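You will see two complexes here that share chain A, one where it goes with chain B and one where it goes with chain C.
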Partner chain A sequence: MTLKERINAANEEAFRRMAAADPVLVDVAPASQVIPGMRDRLILHSGPPVTWERMCGAQRGAAIGMCLFEGWARDAAEAEGMLARAEIELEPNHHHATVGPMAGTITSNMWVWVVENKSFGNRAYCRQVESFQQFGDHSEAALAALFSWRDTWGPALGQAVRSLGGIPLKPLIARALQMGDEMHNRVVASSSLFANVVAPALAASGLPAEQVQSTLHYAGNHPFLFLGLSMAASKATMDPVRGIESSTVVTAMARNGTDFGIQVSGLDGEWFTAPSPRVHGLLLPGWKEEDAGLDMGDSAITETAGLGGFALGGAPGILAFTGGTAAQALAYSRDMRAIAVGLSPNYLIPALDFEGTAMGIDIRKVVQASLVPVIDTAIAHREMGHGIIGGGLVRPPLECFTRALTRFSEVYSAAREA
Partner chain B sequence: MTLKERINAANEEAFRRMAAADPVLVDVAPASQVIPGMRDRLILHSGPPVTWERMCGAQRGAAIGMCLFEGWARDAAEAEGMLARAEIELEPNHHHATVGPMAGTITSNMWVWVVENKSFGNRAYCRQVESFQQFGDHSEAALAALFSWRDTWGPALGQAVRSLGGIPLKPLIARALQMGDEMHNRVVASSSLFANVVAPALAASGLPAEQVQSTLHYAGNHPFLFLGLSMAASKATMDPVRGIESSTVVTAMARNGTDFGIQVSGLDGEWFTAPSPRVHGLLLPGWKEEDAGLDMGDSAITETAGLGGFALGGAPGILAFTGGTAAQALAYSRDMRAIAVGLSPNYLIPALDFEGTAMGIDIRKVVQASLVPVIDTAIAHREMGHGIIGGGLVRPPLECFTRALTRFSEVYSAAREA
Partner chain C sequence: MKAVLGELLQGRPVFVNIGVRAFGDTLRQAGFEVVQVDWAPPAGGDPRLAALLDELL
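Showing the complex of A and B:
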């Protein structure tokens, strides 16, 4: 077999594993109990590895928030000092089978969605989505939502999910894609369907009436609730794709607001990074272009799995949040076929006459076509202390892919010569 | 003012009233307590007036089902005899501010959705949607769902709705139109959103746990639940449009499986009928074209209000049920603009770059363009005893509109001469 033939075969295997994935929500639990390698005084964050010195404002603010949430510091100044002195460790979520939206910060007592890929037995984790602390706001009001999640909603949802014996996410995602969701910036349908599924279990939970009411309200009125689930499902889908020899399929795209990084199946463990790009989109009233931080979050795991920007054509409702026209949304979805291994047999888009979403990003095709993935995203402020300020579309730097391809050639040519 | 100017002004007023409608679900209650003119031994039915002799098989089967549901007869044969001897009265829903899906049969003890148009103070009613009895199946299994609705789900939902002080439907419909619903054949998003709204109220209702669980399951898993609500909301929207002098706007389109009938604002109280047409669509496995009954149901009130087929472009997911392509769905929505007074300022379609649905059918434009409305619908068997057998699209007979326009000319020319 030529190298090209070996790559194609490896990529077919990668595609097969993605299509065969069966992500099931099995629990909601404290990170310390479920995330491998989770420990005290450790903050997991989104994107490739980053030091406190190079960390962007929003992620710094979120990290300070976690120190306060955990009670490691009494105030923001103390937290900042501890972080600056490296008394708190920082590691990427992706090194712990985990993903997090925006700043993506996760510590021991943060409850996380636990998703098991039943076809491969691996588990992945993601924290809940909210619009303040993960954007860098560490105020008391921002932290209040974290405490409600830890003390009220997380435990109640965990009990409901366990009592249901788990909730298969693949059918929920497939249905929501036919209801205008793209599973990244727009998850209103999937969030609503998920709330329908857990409602009877919550009502029958025997938990205090106030907790049941509060959790029903939380689940039934959170337009981004399902993003944490689609991220965990996507991570659970992509982890078994890691480490396939000769595969040029992307297994992770993640950003920390300073660097954009990708990982590639046949080069497992390596990050290929370039500076985080600017997001193009719409800012909430009162914010200017100069306020915006650079691209941030592990949520591009959804695009890595063939959702998000790849499913934009079926989600024109998102354009109110990102700008653009319905025709452009359809074009994005069609364009992505040029850089993908194939079309998903599971995730079908009615607006594309029920064709599947493009799935499995091949770095060779990206470089050859000079066409990078399209990613839906939210926008954080460039400085700490603010909630969400907008949303839009972003394109990864092409350099991530060219660097990965160069490295791929080195590794696999060397292997051949050896 | 010329007649043309008077008509245009009247139609603008009709459009204004449609746009200003504010349908709110205020109760779920037994028909006998809420529907004006409801009485014992009366069956309300869909479509224009029809006698037992001319009634189609599916509607006959549904009427027999209601006799059994009410306990007026011990078996189907006895019920059929009573109906044939006119011991049971038959009147159209539309004569009672009411609509019903398919056969549309409603009797005293059938619980109905109660929707109040807060802008005008009028109320409209619709029964629940299910896939058997209203299609003509009067078996014990088909009736069991009616008893569960009467004894368990209807009362629980009524209490929940009242405890919430009513549920505004306009925002739910607006959101669902951005989630792939068209509010007639596809109401999965609105049904899911509605279930989210009632879940906390059901959990807090204090009703027996079994009833709460059963109702949460019913509401959270019924893909056609909201059709009864979108029909009642559409009827509540259209009733204040009746009787505007000189208006050529259609206020009702309804079918009984024998006749298709329309009503026109400036000719209030009159029906303009022609034979019910054949539905073009997809049949469920096991059924043939010859099995299909003709077009039936009051559900075309949704198209009358600018929803359903008029919103198809935003609901390509429906094509799995009706056939056709996404491009055709968009074309249908665009085509309807040619026969409408204007575009809805409330109900926007993302796939049409957030333009409103065509709203307010003008019989002049229909006749001039020889273009009749497009209507989404389900398909019943031509004989009694069966549940749903398919779904598709249907076009009303042009004769309904030409007859109405001829009559309009007679009435308003006469008025002018007088």
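Showing the complex of A and C:
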């Protein structure tokens, strides 16, 4: 078998595993109880590895917020000192089968969605999505949503999910794609579908009425609730694709506001990074271009799994948040076919005549066409202390893919000659 | 062949423009019909990456 034949066979296997994935929400639980390797005085963050010195302002602000949330520090100054002295460890979510939106920070007492891929038996985790702390705001008001999630909503949702015996996410995602969601920046339909499923179990939970009412209100009115679930489902889908010998399929795209990094199946464990790019889009009133931080978050795991920007053509409603036209959105989704292994048999887009989304990013095709994936995302401030300031579209640096391809050639050409 | 060439030269030509769009735009502005074929050299014309792709893709 030639090297090209081995790569093609490996990529077909990667595609098969992605298509066969069956992500099911099985629990909502504290990170310390479920995330492998989670421990005290550890903050998990989005993107490839980064030190405190190189960390961007928004992610620093979020890390300070987690120190206050955990009670490790009395105020922001004390937290900043602890982080600067490396008294708090920092590790990427992706090294723990986990993903997090924007700064992505997770500590022991942060409750997380627990999603099991029933086809392969692996589990993946994601924290709640909100609009302040994960963008670098560590104020008391910003942390209030984290405390409510820990003390009220997380425990109630966990009990409801367990009482239902789990909630299969694949059918919810498939239906929401046909209701105008793309599963990254637009999760309005899927969040409502999730609220419909979970509401009867919450009502029957026997929990205090105030907690049930608060959780129902949270689940029924949070426009980004399902992003945490689509991210965990995408992570649970992609982890079994890791480590397939000779595969050139991307298994993760993640950013920490300083670096953009990708990982590749046949080069498992390695990161290929380049500076985080600027996001092009729309800013909320009062903000200027120079306020914006660089691209950040693990949420590009949705594009890695063939959702998000890859499904943009079916979600014209998102354009109010990101800018652009419906024709451009359709073109983005069609363009992505040129860099993918195939089309999803599960996730179909009505506006594309019910064809599946492009799925399985092949680094060879990206480099050949000089065409990088399209990602839709939110924008954080470049400095700490602010909530969300906008949203838009972003492209990874091509350099991540050329570096990965060069490394792939070194590893596999050498293996062939040996 | 002669007849075909004759027809081609007598009629109004339709151009096929491959790659750089600006060449086709000029013809279009001059009133000709242009069919655009999107093409770019593999790996943006980088010979080292093109050589890698020869082996891998």
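Definition applied: the second predicted complex is superposed on the first by the 418 of 418 C-alpha atoms of A that agree within 3 Å, B and C clash if a C-alpha of one lies under 4 Å from a C-alpha of the other, contacts with A are read in each partner's own complex, and residues count from 1 in each chain.
Quick note on the criterion: contacts are C-beta pairs under 8 Å (C-beta built on N, C-alpha and C of every residue); 3 or more make two chains touch, one makes a residue touch a chain.
Values in this document were obtained by computation on a predicted structure and should not be read as measured data.
Chain A is touched at more residues by one of its partners, and among chain B and chain C that partner is B.
In the superposition on chain A, A:279 contacts neither chain B nor chain C. In the superposition on chain A, contact of A:400 is made with neither chain B nor chain C.
In the overlay built on the shared chain, the residue A:296 is in contact with neither chain B nor chain C. Applying the stated contact rule after C-alpha superposition, one finds that A:364 touches chain C and leaves chain B untouched. When the shared chain is aligned, chain B comes close enough to touch A:195, but chain C does not.
Once the two complexes are laid over each other on the shared chain, residue contacts for A:106 go to neither chain B nor chain C. Put simply, chain B touches chain A in their complex at residues 175, 178-181, 188-189, 192-193, 195-197, 199-200, 202-204, 209, 212-213, 216-217, 219-221, 316-320, 325-326, 350-354. The touching residues of chain C, when paired with chain A in their complex, are 40, 42-44, 46, 49, 52-53, 55-57. Considering their complex, residues 3-4, 7, 248, 364-365, 367-370, 402, 405-406, 408-409, 412-413 of chain A touch chain C.
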